[in-house]
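Have a look at the structure that comes next, please.
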Amino acid sequence: MAKIHVSTTVNGEPTEFLCEPQQTLLDVLRDELRLTGSKEGCATGDCGACSVTLYGRLICSCLALGAEAEGHEIETIEGMADGDSFHPLQQKFLEHAALQCGICTPGFLVAAKSLLERNSDPSETEVRYWLAGNLCRCTGYDKIIRAVLECAADMRGA
Amino acid sequence: MTSENGELKWVGKSPIRPDGADKVTGRAKFGADLMLPGMLVGKVLRSPHAHAKIKSIDTSKAEALPGVKAVVTSADMAEMQPEWVAAGEVQINFLDLSNNILASGKVLYDGHAVAAVAATNSAIANAALELIEVDYEVLPHVIDVEEAMAPDAPILHDDMFTQGVTPTPDKPSNVFKEVDIAVGDVEAGFAKADLIVERSFKTAAVHQGYIEPHAAVASFSEDGQAELWCCTQGHFTVRAYCAKLLGMDLSDLRVTASEIGGGFGGKTTVYLEPVALLLSRKAGRPVRAVMTREEVFRASGPTSGASTWAKIGVTKDGKIVAGEAILKYQAGAFASSPIQPGCMCAFAPYDVENVKVKGYDVVSNRPKVAAYRAPGAPISEHAVESVLDEIAKKLGIDPLELREKNAAKEGTNAAYGPKFGPIGFADTLAAAKAHPHYSAPLGPNQGRGVASGFWFNIGGESCATLNVGEDGTLVLATGSPDIGGSRASMAIMAAETLGIDVADVRPIVADTASLGYTFLTGGSRVTFATGMAVIEASKQVIETLRERAAKIWDISIDAVIWEDGFAKPAGANAGEFEPMSLGEIAAQAGKTGGPISANSSINAEGAGPGFGTHICDVEVDLETGAVTVLRYTAVQDCGKAIHKAYVEGQIQGGAAQGIGWALNEEYIYNDEGRLDNPGFLDYRIPVASDLPMIDTVIVEVANPNHPYGVRGVGEVPIIPPMAAVGNAIDSAIGVRMTDLPMSPPKILAALDNGS
Amino acid sequence: MARIILTSGLGNQYAGGQTEFEIEAANVRRLIAALEERFPGIGPELEREMAVAIDGEIYQDPFLETIAPESEVYFLPRIGGG
Amino acid sequence: MNALTYESPGSVDEAVKLLAAAGSDAKILAGGTDLLVQLRMGMIKPALIVDVKNISETTVIKEESGGYRVGSAVSGAELGEHDGMNNTWPGVVEALELIGSTQIQGRASMGGNLCNASPAADAVPAMIPADAVCTIAGPDGRREARVEDIVTGPGQTSLKAGEMVVDFYFPPRPARSGDAYLRFIPRTEMDIAVVGAGISLTLDEAGVCSAARVALGAVAATQLVVEDGAAALIGSTLDDAALEKLDAAARAACRPIDDKRGTIEYRTKVAGVLARRAAKIAQQRAEG
């Protein structure tokens, strides 16, 4: 099994790695790059815990091959805070207690960020549908949805 | 404990959780996130059959594969005797536990672990699994609980003779035990009834559905000591079970609870942990084992599916005169389901003189059940709350008023026997009735349902250590894994008791070598029981701080009071010295007797029972049977909310799980007895777009046994939703759904049949 | 004499169907010993599986809890949770 | 252990060469949302994966003769952002956008949805009423085929070894036309269709239906074209009687199975319901 050499950009940093052809992007992030903030909840694209953006699109990193990252940009939860300050969504999630166990939180944050970049004024329904691929078993979603809506409002006002 | 004017400074507020930053940045280390040098990948071979004899297992080819470092089967485990230990309501028999970890002699369900390998990478581990040759003799299987009880059913265990019947039968059966609860005389009670309603129900087996699959990393050293990291609700429980299964001393096994990605009861037992240890011992290297989602569904505990029947008699003014129920719970492949609490909870919210409940604990070819939020209670209370709804309709009484007429109060003999202390059930009913939701108008094909729920809540053994740093900040160690923000609650209670800033308390979860035994995180016990240990340790620290201040001031300790985070001279010495802060005293600790710390070890008794009442609005699509939950309100007596936002979150999460149980979640088995939906695609937990906001109303009737009045919170909210949703559907379309989940095909069929 | 109430299952199995007794015992340990004397075999089962409620207060690990002469003592299955 | 190779060719010709050389051991990777699950589950063990997302033909949308040519690997998210396709064939766009979550939308493609050949594919029963035609490239050159002729059974297509779908052509929409796709799932998101219904229709100036195409998904081994359903609509103003005939025709066409996602009875009944509802939406769109 010859490994594939991949040159990519992860959270703004030029990054190279070797991966096996069948290795998913999630496996590469976690096992090769040691970025364990992206979680494996299902490995079938049904839970969203491994959400990242690849070429600017929100995807499940369990459903992409590591090799596909060649020449593209990847953004993960580890790149969300700006130096020592939280992204407004991270701050809002903390203030709103929008997490309990926290396993789904990185995926929700990455997905919510992707939403607000496209739609600065989403309705509750739009937020719920955009995040429908991110499963949370602890919160009943209430506080997560509120945190995203309030963050959007704050960011619009800012 | 409170400030001078008696107001609470931190309790009831919602400060940002101390572990929050790591959780929103991806830094938090969950079960599968730990990596050790030289670590191997552990994987488990599982049975493709629902029921089969293992004639032989040949692991030689797998062992010969380059990169494979260890292969284990049940032969590698310590020999177990049938020994029962109490483990909450789902008892554990070590022989069964051992056989569930790695099958011995027979496989009893699709997904039952048979062997495991450790290899240098996952591709080699997978290849090794394929090289293990297991010769099975497939046996007839049984999945459904009623079919498992039939006289001609395939028998899972030749040595299972139904307990709880006299004389003990001489023929083996799949009924592990029968349970009876009886108060008063139900026949006499029914004779006094003006109206009797009875109905049968079926509820599906449902999984806890935590998003983090089970994971364990084990590292054995040559001298027989081992370390284990895993996502668990109770690392002391893990230590106890693993040490027993591997024949180790407790002191040789150090278990660290990683961050845990949800549990809901499902991470109160062991699956991979002993396997990872066995593999590491054999391979001489660290081993990490992580379940796939498919393995989680096939082989970790769901809760029981059940067949239930409830019969209630009332007078025409709505007083319940008798209640009877028959409950048949799936235990999974090994004995012991939550049938006991199911029986005890069925009529518990109500003041009923005559109650009779019969329960059956039944094995079948399904994974062994594990605890799930208020184990057993949602199933039995669903039956009772649904029948009560029918009674309210038939009598023309408002369903909340019917409940108010019969609600248990302080001094009521609970349907399971003893008297209730102060409880807040009636308060939840009154709050629900007064809520604007209850009187909001409904549109066409919409309906509203209400239901209530009861859970005991528990206390138990907990330890806490509080270490005061020389700068006046504190580290608070407990042994309770934090699933839903409990570290925040612990810090709040310590800060409140000490009168200091909550940010000055850094709560951590200590490993099993660093703190005394602490029972697991479950049963809504942590804020109550571990909280009491924290308060106790805080009080001890206050005593020490007073003593040190007295030394510094050279006055008697009796002349020093602790108030709002300061030592103050009192009595004859009042005003003589400037008050000293905790930090000022801590800075001089070395001179006044050494470091300041306290350790509290308690067995907390006196948990306060919890009650909740939910209101649910639905709309039914008459042409497709689809149900939309339009509005949801959950009212609950929490005693005292320590961290308000996380209390609300517990209630919202429990309600959402109950709605999933009501509408779409189920284990689907095919004709071969294989699980047909072992993934989040077809095991349908609610997604964000399925739910409305879940409004919460926190009622606070203090539990007199806790310094701040805490009851448990987490269990109760999963109990009412199934009946609340069913009652709302009935209100919308005039059809009583008796078979859970109330999925669109069933609703459409029921509409078509007009039943 | 305290009033002692067993579950009907235990009553059927060990006490010929009887579930209520008047027994004098200073604490739970002595009460279980007294029951074991009357109904051999019941003691270990009570210790292993049962919590008690003394005057409405549930004790999951009962042992030395005191029982007053007029107390009402229920034996109940132990409860855990999720 | 199989030796898997990953290739990411820059042209259709290169891709076809790779596919032809590997024969049945090769799999095409577009969005990967089905392929990677199958790979992970061990359902397939290919020797070669050909990623077609570095080929411009398969990844762009362009206007052509008043219609649109959509690359087979264009993701749902990209299609959903394309004004031209949204205005012309909203039913097709909404069908592709119904597949999975936002995350799946970032990857899932019409080419993948078609070639995976699931009876429950969402995009296919919307493409069929739109009269979509796909370009197929293979060792023997290029050919065109109607979308409805591709799927031959669950997991099976009429594509020959070494062939790949390059793009789809959606013709210009006739005046006073509209299309719509509806599916039923137990939740609001994240499920596989239990039933899907796609309809495209044209109205005359009086509002009478002059042309219609009706397709159903998840109710047979392949997507169904319901001629009787179309006939029920043509000549009507989609009055209750016509819709009832459409409902009956849809039900009559169904040959579903019982499985974990739905029963025969349920699928049949809901097929009629969705056909009716989709027809009404298409009518509204046609009326502008």
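For reference, chains read A, B, C and D in written order, and residue numbers begin at 1 within each chain.
Quick note on the criterion: contacts are C-beta pairs under 8 Å (C-beta built on N, C-alpha and C of every residue); 3 or more make two chains touch, one makes a residue touch a chain.
Bear in mind the structure is a predicted one, so any value in this text is a computation, not a measurement.
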item	value
Most extensive contact between chains (C-beta pair count)	A-B
By mean Cα position, the chain sitting nearest the middle	B
Chain B and chain C: spacing of chain centres that average the CA atoms, whole Å	27
Distance between the centres, which are taken as Cα means, of chain D and chain C, whole angstrom	68
Length of the line joining the C-alpha centres of chain B and chain D, rounded to whole Å	44
Set of chain A residues in contact with two or more other chains	1, 20, 22, 43-44, 46, 129, 131-134
Set of chain D residues in contact with two or more other chains	1, 188-190
Multi-chain contact sites of chain C, meaning residues that touch two or more partners	none
Complete list of chain pairs which touch one another	A-B, A-D, B-C, B-D
Partner chain D, residues of chain A touching it in the complex	1, 4, 20-22, 24, 43-46, 48, 51, 54, 57-60, 62-65, 67-68, 70, 111, 114-115, 129-134
Residues of chain A that touch chain B when the two form their complex	1, 20, 22, 30, 34-44, 46-47, 49, 76-78, 80-81, 86, 90, 93-97, 99-106, 109, 124-125, 127-129, 131-146
Parts of chain B lying in touch with chain D, wherever the complex brings them together	123-124, 127, 623-626, 663-664, 668, 676-677, 680-682, 684, 686-687, 689-690, 743-745, 748-749, 752
Chain A contact footprint on chain B (complex, rising order)	14, 16-17, 19-21, 23-30, 32-33, 35, 123, 208-213, 259-264, 290, 292-293, 483-485, 643, 645-646, 648-650, 652-657, 679-681, 685-691, 693-694
Complex interface listing, chain B residues touching chain C	84, 86-91, 164, 166, 178-182, 208, 263-266, 268, 340-341, 344, 371-375, 416-421, 455-461, 522-525, 603, 605-607, 705, 712, 714-715
